[in-house]
Each structure stands twice: as C-alpha cells, then as structure tokens.
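Both of the next two complexes hold chain A, though its partner changes from chain B to chain C.
== the complex of A and B ==
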C-alpha cells in the first residue's frame, strides 16, 4: 500500500476503534485527555538512570489495553515514527557516559547504556499512552474536551474541519500521485518541472472547495458556533477513573515501589 | 523535525507550551479582528490540504532522494501569519494524535519549532517586506527559499536547544548543532523551491489568493522596517553563530566519537556551562523533583534490587494481562 493509502487506513481504523461501544470509550473525554497528559508528563519526568522505576509505569497502558481489549500491535506500529529520532538521540549515550553504575554478574553496565534504555522505554510508554487516548476517544470528543477547558472556538472548529477533510484530501493526493506514477513509471517522485502545477492545481481546487463548504455551512445556518451534539450527564466513573489512575501514577513516581518489590526477593 | 514526548523534560515542554499558547492567543485575537467568517472553513480546508500535500514526494534533480512541501511558509503566504499559525497547530495536533508524529507533551515545542518560525518569522519578516511593492517571479522564489531556509534553521536550532535543556542526550552541544544545521540547510533549500513552485503557480493563476502582496500601508511600512532590521539582525547573529559552530567542527565530524571511544577526554567549556545551567534549572523547577533515596541520583533505580523488582513487576503485569485476555476470549467463545 502507498504511504498515503496507509495514512488513510490508519485514520479510518482509529476512527472505527474509537467509536466502538466500550466502557472506556464512554468515559468523559476531558478526564481521559488530562489523564493522558499527566501520565506522559510523569513518565518523562523520571531521571535518566531510573530504568527500574519506569518499569512500574507500564501498569497504566498495560491494564487499560487489556481491559479495553485494544491491540498492542497497532499501538507499537506507531513507534516507527518516533523511535528512529529517539534512537539517534540515545544511541551515542553509551559512548559518552561510560561511568559504570551497575555490575550484573561480571558484566559492567555503564550509565550511558541505562540512560539510552530509559529513553527508549519512555518513548514506548508515551506512544502507548497517546494511542490509548485516540483509540478510545473520537476526535469530536477530544474537541469537546478542548471546549470544556475554554480553548477558543475558532481553533477548535479549525481542528475539526482539518480532521473532517484530511481523508478527503489524502484520497485526492493519492489519486493524483497514482495517476502521475502510471504515466511516469520508474520515477521516484514528482519531476521538478511539474512541482508547481501538480500541487498548485490541487491547491486551487481546495480553495474552491473551501468556498463551497463555506456556502453550504451558511445555508445550514452556520453562525460561528459549532454544535457538538447533546452533552451526556457526568457519571461518577468520569471522575473516579482519572483521579484513581492519577493517584496510582503519582505513587509509582514518588515511592520506589518497584525497588521495594525487588528487595523482597533479593 | 517532530520532537517526541520522550525527548522533552516537563519543564521544557511547559515553557514551550506557554510560549506557543501566547502566540496562538494573539493569533486568535487577530483572526477575530479580521471578522471574516469565511476564513474559518478556508483555514480548515487548507490545513487538510497541507497535511495531504506533505505526503507527496518530489524528486530532487540530480539526487536519488525526495523532498516535501514546507507547510508553515505556504500557509502563511495564503492565509497570513495568524490564520496560518492556527492552521499549522491544527495540523500538528492531528499528526501527533493520529500518527504519533510528535507527542501531546512535545506539542508546544513542535508548534514553536515548526509553526511559529514558519508562520511568523517567515511571513512577517520575510514574505511581507519582500512583497511590499508587489510580487514577481524572482521575489516569490527569493521569499520562499529564504523563508524556508531561515525558519528551518531556527527550528533545527530550537530542537537542539530543547533536547539539550531536557538533558536526554549525552551528545555534546557542538556536535549536535553540527549535525542538525547542515541537514536542515539542504532540506530548507529543497522545501523552499517546492513551495516557490506552488506559489508561482498560484500567482499566475489566481494572484488575489496570495497574502500581503503590495498592501503595506505607510504606518505598517515604518513599523515593519524597524522590526525587520532589528529581528533580522538578532537572527543573523544567532544563525551565524550556529553555522560557524557547525562549520568549525564539520571537517572532522567523526573525531569526537573516536576520541570519546578511545577514552581521550575533551572538555567542551561551552557545552559544560549549558549543561550545568540546564541541570540547575531542571533541578529547581522540575515538575516532580527527583526523590532521593540511598544517596545520589545515579544510584537510584540501578541497584540490583531495582532491576530485579523491575523484571518481576513487568513479568507479573504482562502475565496477568495475558491471562485476563485468555480467559475473556474463552468466555466469549463458550
């Protein structure tokens, strides 16, 4: 599948998963959004040598993935975007930080190796947490949460519109590139002579389309407000879920839980 | 150039969020002032357009590689800096949510590195002054290339600074800059040319779509001239500094690694100062201060019991998750 085709299918898959009828999906979006940001913040706040403490942070994604029956494979596939960059940043740590921090058996392990692993684990955990949010919360719900915390209307509407039209334009970009590739085989990308006209035509069509969209919005009574449908009543679970998890996450960060468990056995 | 969550410390992420939110707030104020309802759907559609257009590969003549469109410069040339900036934030938000390109925590950094420079610096300091007296082929090419190269250089430099301040990499500052800046110089050049090609096409087909062409009033002209000189001066210093740093260590780019590997110590004073400063800032303002038990930070979590604990915890968690799934599927089947 082409890169663009893959992007379209990824968006559609996430959209479908997030609209499934699971109880995690039904929770209030604001709680999930805040919890996700909190989890990511706490995870990256672990010092660079604290690999053991980070292991405990796996609890949240693992538990929710299991309870919500989400696919780990889908989430880990998203690492292909993040991991190369993180690898570049971390891969040289073992060469620069050579102080031996730990010896397992007769194998000495330097600070650089540990800080590199810590960075990788952080990347995995934060990507998992991001996936958890978007796989259980549809985009319009995330936008509703943004409105609840008073993020300005203009911005939220623009985000919703971009999201609404992303698949439309991705499909158009796919059609254009496919047509081009069929007429220009053995060429890796678009030739420089048509850089301007290829994208320019698409851009002008998009502008016209924006005009049509504006007119149809006007005809349907668009007055600058965006209506996100009826508000569901808040349930106790909407509060309890983020608060309880936040306490667990905080406990894992503030107390050496993992180390204490280890001490029982050592 | 998208930064991942794992690469930023909470304090750096928070600062960049605050800076980006400030710029966004001002943009919203300016877009509201324009009071043009039509602009909102145009922003949404153009955001989706840029998103899709960035996925198309353009062959770079004479090389085997390909480049992409530069979103910030392109959007602000069509929507103006304010609308362009808000649209870019939307694009970055959707990229981070749906493709894990960037991250929720690093969003503030990414908005600053890519959208802020591209839209504000690119359009207010480069595009508008150049287009003040009308557009021409040469001016569009000049503005696009200059805008993309400069804003990408600034973005790349910010990525370096943010990563260094977050303290996640042991790479020396100089090496990091020497790696980042030249790569982004090449990328900026190609992106600039692609953006120029598209804007040239728009200028020929529908010149009225381009923002800020030949519309400078007297007052604006005076203001923007002073600002232009001042800010361009600061930028030139910053970028010149970055580039000369890069150039000075470029010829023997591998030396550092070899020197380190062979154990030869080389103390980089500038880097040491920045590092120490960064760590000081982090230790005093970090979101959750490092808790210390059993002495220093380096001892924390790297003791044998820490490793054993980690292994046990992970094994127990993964095991129970597996069992949970197994029994539920069994229940479903029966």
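== the complex of A and C ==
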C-alpha cells in the first residue's frame, strides 16, 4: 500500500476504533472532552524543572490505554510524524540554561537539560491525551460536546469539514499518484519536474470534490449550522469517570505524589 | 393537476465561455412520472438537473417547482421538495456514519429528534440497508454507498427525486436492487443516465437531449427502440434490446 493509502487507512482505522463498543467509548463525550482539556491544562502548568512531578501524569494515559484496550505501540506508530516535531521544542534549552541542578552518579545535569526533558514530556503527554480522546470518541461526538460547552459554531464546523476534507484530499492524492506511478514504473517517487502540475491537478480536483460535498450539504438544507442531534442524557458513570480523574490529576499537580511514593521505596 | 409537478419554460443557460449548454428548453413533468433524461456526453443532462436544483441561478427562462418559481429566496423551500443523488456517492456522503448522514437533512429542517429517528429508520428500511446504520461511511462498498446516498434524500420525504448516472460502478446485483428500490418510489423521478437499459427498467417516459435541446420526448418503447434516432444523437440501442434482436430467428 502507498504511503497515502496508509494514511487514509490510518484515519479509517482510528474512526472505527472510536466507534467500538467499549464502555470508555460509550461514556458521554462532554465528560471526556472536558477531562482532556483539564488534563492538558494541568500538564502544561507544571514548572519547567518539575520532571518528577510530571512523571505522575503518565498515570492517566496509561489507565486509558488499559481500560480502552488500545495498543500503545499503535499509538506511537500513528503519532510518529507528530512526536519528533513536538520533541524539538526545548532542544535549545541546554545551551541557554547551564546551571547544574543535580548530578546522577558523576554526570552533572543542567537546568537546561531538565527543562528540555520536561517540555518534551509535556508535549508527548498532551499529544497522547488528544489521541486518546479521538481514539475513544468519534469526531462528530467530540464536535457535539464542543457545541455543548459553547465553542463557536464556526470553529466546530471548520473542525468537522477539515476532518472530512483531509480524506477527500488524500483520496485525490492517492488517485493521481497511482496514475503517475502506473505510467512511470521505473521511477522512484515523483520526478521534481512534475511536482507543480501534479500538485495543481490535485488541488483542482479536491476543490471540485469539496464543491460537490458543499452542494450536497446545501441541497439537504445546510444553512451554516451543523445540527448533530441530541446525545443521550448523562448517566452516573459519565460524571464519575471525569470527576474521579480530575481529582487524581489535581492531586498529582498539587502534592508531590511521585516523590512521596519514591520515599516509601527508598 | 396533481400538486407534484415541475414546469420549465424556455430555459437557456451557458457557462462563462458563452457556449450554450441548455437552449430554449421547455419541459413539464408531474406526479408518478419516471422520466429518463438521456443524451450523449455534453448533451446537458447533468447541467439540466443542477439547474432544476438551483445550483446555478444564471439561467434565463423560468423553472417552477409546484408553482414556486426557482429563485434565490425560494431555494430552501424548493430544495426541501427535491432529493438529488450525485453521480459520485463519495461527494454525497460526508458525515461519519450512515445513520448520521441520513439524519443530516431532517435535522437541518428542524424536525424534532424523535421524528428524525423515525425518518432515518424508515429511509434505511426503504432501501433495505437498516443493518448499515452505524457503519462508517469509509467502510461501505460502492453499492452500499449508492443506497446510502438514496436513503439520505428519502429521509426528507421529497416530492421528487433526481438521480445523476445512478447505475455507474454498480455490480449487477446492486444495480438490480437499485432498480427495485427506485421502482418502489411513487412520486416524480428524473433519472439522467447513459445506461439505457437502466432507463428502460425504471422509466415511464424518456427525454432525449441533444445540444441542450429536447430532440425527442416519448415512452421508452418509442425512443429506446428507435435505432436511427438514437444513433443520430450519439447513442445506441439498449444492450438488452440488441441481444433480443440478435437472438430473434430469421
């Protein structure tokens, strides 16, 4: 399968995983969305040298991976493009902050190294939290929850349409590159001389398709408001799950839980 | 006269290049009619359907849907009465699951959620795909996508349905299924297609378009068996009739 085909397949797989019949998936999207935003906010709020405290925040993704029966390896594979980018953040810190804060054995560790690692861990944890939300909640449910908490409708529509448009664009890209490869069998990749025309064709075709989709929406009464219907009423579990986790996350942020646990064993 | 009717008078339309696509076209259709719009490539079939839906309003002449003149301010009213199935189902389906897509239009028309639910179930039942309700759009086969597209418009209980090349890319079983489903729909149908066998199986009237004008209008027997007329307009006899002719002894 081509790389573009793989990308389309990944989106489809993730969509299917989010629709699987597991209790985490069945939880009300509002609780999961609010919890994810809360988790990300708390994670980002850790001070730059609080690497130990931040380690405790791993608890939430690990728990969700376990109860949702998701593969951590698959998640890392799916996020392989994003993770290196987010990990670049803070890469220059060791050059600016050279004050030695601790030594491990005989190796001195500067504040810059710790703050770099803290930033990287924060980035990975926030990306993982987003991934877990998408893997346990279908996109339309997430958008429905966004509207419930009064996120502007234009933003929600843009999210939904981009989600749809990505697959349209990738499908067009796959078709056009397949057509190219079939007529250039001895060539590796696409020759740079045709990049321009290929990209132009791809954009024109996907614009055509996007226009068709928009016409289809218009013909079915779309007036700028995405109406996603009503989700079933909140059940006790819909409250319990986010509230309990919010308390755990808050405790991890306010108290040196990891340090205390460490002292028990040392 | 029945309340479901479509009246087109002296319709003219051309794209920006100035080449006329539809020329002085007058057409009337009413309830229970299944009209096949046939013609060679570029005859104006798809453009004609899109004009009737108000997807392009730069035309001259008049289009009236159940006495309502087609203009910008009447578009919502008119579109509620018409269901349009695109040639490419991927352009039609944009929500994440079949059920959500079928519910899209009724929700937009402000129906209460209980009624939306009822209509979704009824539409899926009508095209025999109730089992696909929670299935992701990504995972549908070509035939399933076509039936799902049809369900998305049936959920609004339209007075008339327009279909653009509905049989394209369907295998014989799905094609037969679609014919069966379409023949069950009792209101006005307009089907633009090159597939003359499909038109033969689904339509009670055939309109032959040529260079944006009506070259012939009659029953399938009058139009689809007229080899000279069809060939003159870039078409051929339906395959089923050709086979039958070839098998006739002597």
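One rule holds in what follows: the second predicted complex is superposed on the first by the 185 of 266 C-alpha atoms of A that agree within 3 Å, B and C clash if a C-alpha of one lies under 4 Å from a C-alpha of the other, contacts with A are read in each partner's own complex, and residues count from 1 in each chain.
Convention: a residue touches a chain if its C-beta (ideal position, glycine included) is under 8 Å from a C-beta of that chain, and two chains touch if they have at least 3 such contacts.
Owing to the predicted nature of the structure, the values given are computational and were not obtained by experimental measurement.
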Touching partner for A:71 - first (chain B), second (chain C), both, neither: neither
Partner chain(s) touched by A:220 [first = chain B, second = chain C, both, neither]: second
Touched partner set for A:209, first chain B, second chain C, both or neither: both
Contacts of A:178 with chain B and chain C, given as first, second, both or neither: neither
Chain B versus chain C as contact partner of A:130, first or second or both or neither: first
Partner chain in contact with A:19 - chain B first, chain C second, else both or neither: second
Which of chain B and chain C A:164 touches, first, second, both or neither: both
Which superposed partner A:139 touches (first chain B, second chain C, both, neither): both
Chain A residues touched - chain C or chain B, whichever exceeds: B
Chain B and chain C footprints on chain A, overlapping residues: 11, 139, 164, 168, 209, 213, 217, 222
Parts of chain C lying in touch with chain A, wherever the complex brings them together: 53, 55, 76, 79-80, 82, 84, 86, 88, 90-92, 94-97, 100, 103-105, 107-109, 113, 116, 134, 136, 138-139, 152-153, 156
Chain B to chain A touching residues, read off their complex: 2-10, 13, 24-25, 28, 31-32, 37-38, 40-49, 51-53, 55-61, 64, 66, 69, 86-87, 89-91, 93-94, 96-101, 103-105, 163, 167-172, 193-194, 196-198, 200-202, 205-206, 209, 257, 260-261, 286-288, 290-291, 293, 297-314, 317-318, 320-321, 324-325, 328
In the complex, chain A residues that touch chain B: 3-4, 7, 10-11, 14, 36-37, 40-45, 47-56, 58-59, 62-63, 65-67, 69, 78-79, 81-82, 85-86, 89-90, 92-93, 95-97, 99, 101-102, 104, 109, 111-112, 114-115, 119-120, 122-123, 126-127, 130-131, 133-134, 139, 142, 152, 154-155, 157-166, 168-170, 172-173, 176-177, 187-192, 195-204, 206-207, 209-211, 213-214, 217, 222, 224, 253-254, 256-263, 265-266
Chain C-facing residues of chain A, complex: 11-12, 15-16, 19, 138-140, 164, 167-168, 171, 209, 212-213, 215-223, 225, 227-230
